[in-house]
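First, the structure itself, so that you have it in front of you.
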Amino acid sequence: MPTPNPELTIAVQLLEAPFEPLELLAAWQRSLSADSRDSLGAARMAAESHFIGRVRPTTASGAPLEVLELEHYPGMSEAQLRALAEACAARHGAGAVLVAHRVGRIAPGEAIVLVAVQADRRGPALRCVQELLEDLKHHAPFWKREWSGGSGTWVAGNTPL
Amino acid sequence: MPTPNPELTIAVQLLEAPFEPLELLAAWQRSLSADSRDSLGAARMAAESHFIGRVRPTTASGAPLEVLELEHYPGMSEAQLRALAEACAARHGAGAVLVAHRVGRIAPGEAIVLVAVQADRRGPALRCVQELLEDLKHHAPFWKREWSGGSGTWVAGNTPL
Amino acid sequence: MHCPPVVAPSPDLTAAVRVRLFAALRERAGWGERLVPLEASPTSAADLWRRLALDDGPATGGRIPPSIRIAINQAFAAPGTPLRPGDEVAFLPPITGG
Amino acid sequence: MHCPPVVAPSPDLTAAVRVRLFAALRERAGWGERLVPLEASPTSAADLWRRLALDDGPATGGRIPPSIRIAINQAFAAPGTPLRPGDEVAFLPPITGG
């Protein structure tokens, strides 16, 4: 087990309504700056990386997508996102992680996932975003159902990297 | 030579004054949405990744940094950033790239570089951000001088990944 | 679909576990959550899979397919882990988040 | 620092190249930009490096150190590339952007 880092800040949000990723990022940056002013003065971490995933306009079979339904396991999904974020941050020595994930019915083009990492160097920030994204795609209890032509199909697996 | 992609949008900005990365990203997203409404309806690319680099509060030798001076080769720096962005986007099949880079005198904590990529899949978006960041650190004509205790020192090499 | 009551009234609910199904598994079974008495001891998720006939067909011989993951009290667990009264055990079809 | 005029008035400026130095190289040389007549033909960036005595000391024997990159008309080029009248040739110390 990696040693827990008392300076590590993990934020996890499950969202039932559409969200604007850049607004969420701005609020996250403000919360971290407020924290850091307390302990470290105005210092901000030198590297920050983000990933935003949006719903595609077509289903896996190429038909027009009406809506994407996202089922999850309430309680476990939040806990698992937090555990994955903490483990990834610890592996890479990142200082702050934000994970936001939509649940429920999501329209094409809407954001479904946002991952953001602050670290002291670009390598850890970039790698932590990439790994955490893979981790949550495979180890957080979410299930996608694509609705097209009035019928729903559970998605069989993740899109290729 | 990769075939040029007529749908590829490259935006390069050299900035002499402090900038707010999230505001630049918002303006970039708006410009891409406006473009895509013309040709592809409301479709937005499914994957977007960003990197923000900020000035560290200390010099390479650990002294408090007063200001970072960034010299560049006007004309070549813009052209080179654009060429690197185009090549990286073509290698990975990305659809849109934004590179913003500060020049002149930059205070600790201020953003110095912003790279953003939209692509159809997470892999190309993540890899293109990472590669373009390395490319511009080694192949775009920028030089850092750290000012500390009233004297300036040219930085000998890039920080480790 | 209207489901019958899933568990008979029991004087000792603490000797039961809560079973949860999600997504395609939930739809195939026609239910998402049940209280199930612990009949034998020890009982595992693998035992419940057989008892509740959660298979898609007879092909897997009552064994949990490798694509199905188990969570006990909202943490991943091995299918053979003995269940304790009051546990929540969930059968998770392949995850497709992110 | 006040620099002397860098090139004598010439009836044919098109037979010159513009030489540019940056960052530590510019500071060491004490100038950043000069018009330099093309004396011999062909002349390369490597020739100009010797003629303008841009070395840090005698150790490199007048050769461009491998850490210095050349740009001709704002594109990277090999040190031996023949220069044409009107070219802009730049000597670039190790890049530290991003």
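Letters are used for the chains, namely A, B, C and D, taken in the order the chains are written, and counting of residues starts over at 1 for each.
Going forward, contacts are C-beta pairs under 8 Å (C-beta built on N, C-alpha and C of every residue); 3 or more make two chains touch, one makes a residue touch a chain.
Note that the coordinates shown come from a computational prediction; the quantities given were computed from them, not determined experimentally.
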Chain C and chain D: spacing of chain centres that average the CA atoms, whole Å: 76
Euclidean distance of C-alpha centroids - chain B vs chain D, Å: 29
For chain B paired with chain C, centre-to-centre distance based on mean C-alpha positions, whole Å: 50
Multi-chain contact residues (two or more partners), chain B: 53, 133
For chain C, residues contacting two or more additional chains: none
Arrangement of touching chains [line / ring / star / complete / other]: line
In contact (per the touch rule at the top): chain pairs: A-B, A-C, B-D
Contact footprint of chain A on chain B as seen in their complex: 22, 25-26, 29, 42-57, 108-109, 121-123, 125-126, 129-130, 133, 159-161
Residue numbers on chain D that touch chain B, as the complex places them: 20, 22-24, 27, 71, 74-76, 90, 92-98
Chain D-touching residues of chain B, taken from the complex the two chains share: 53, 70-73, 75-76, 79-80, 101, 112-113, 133, 136-145, 154-158
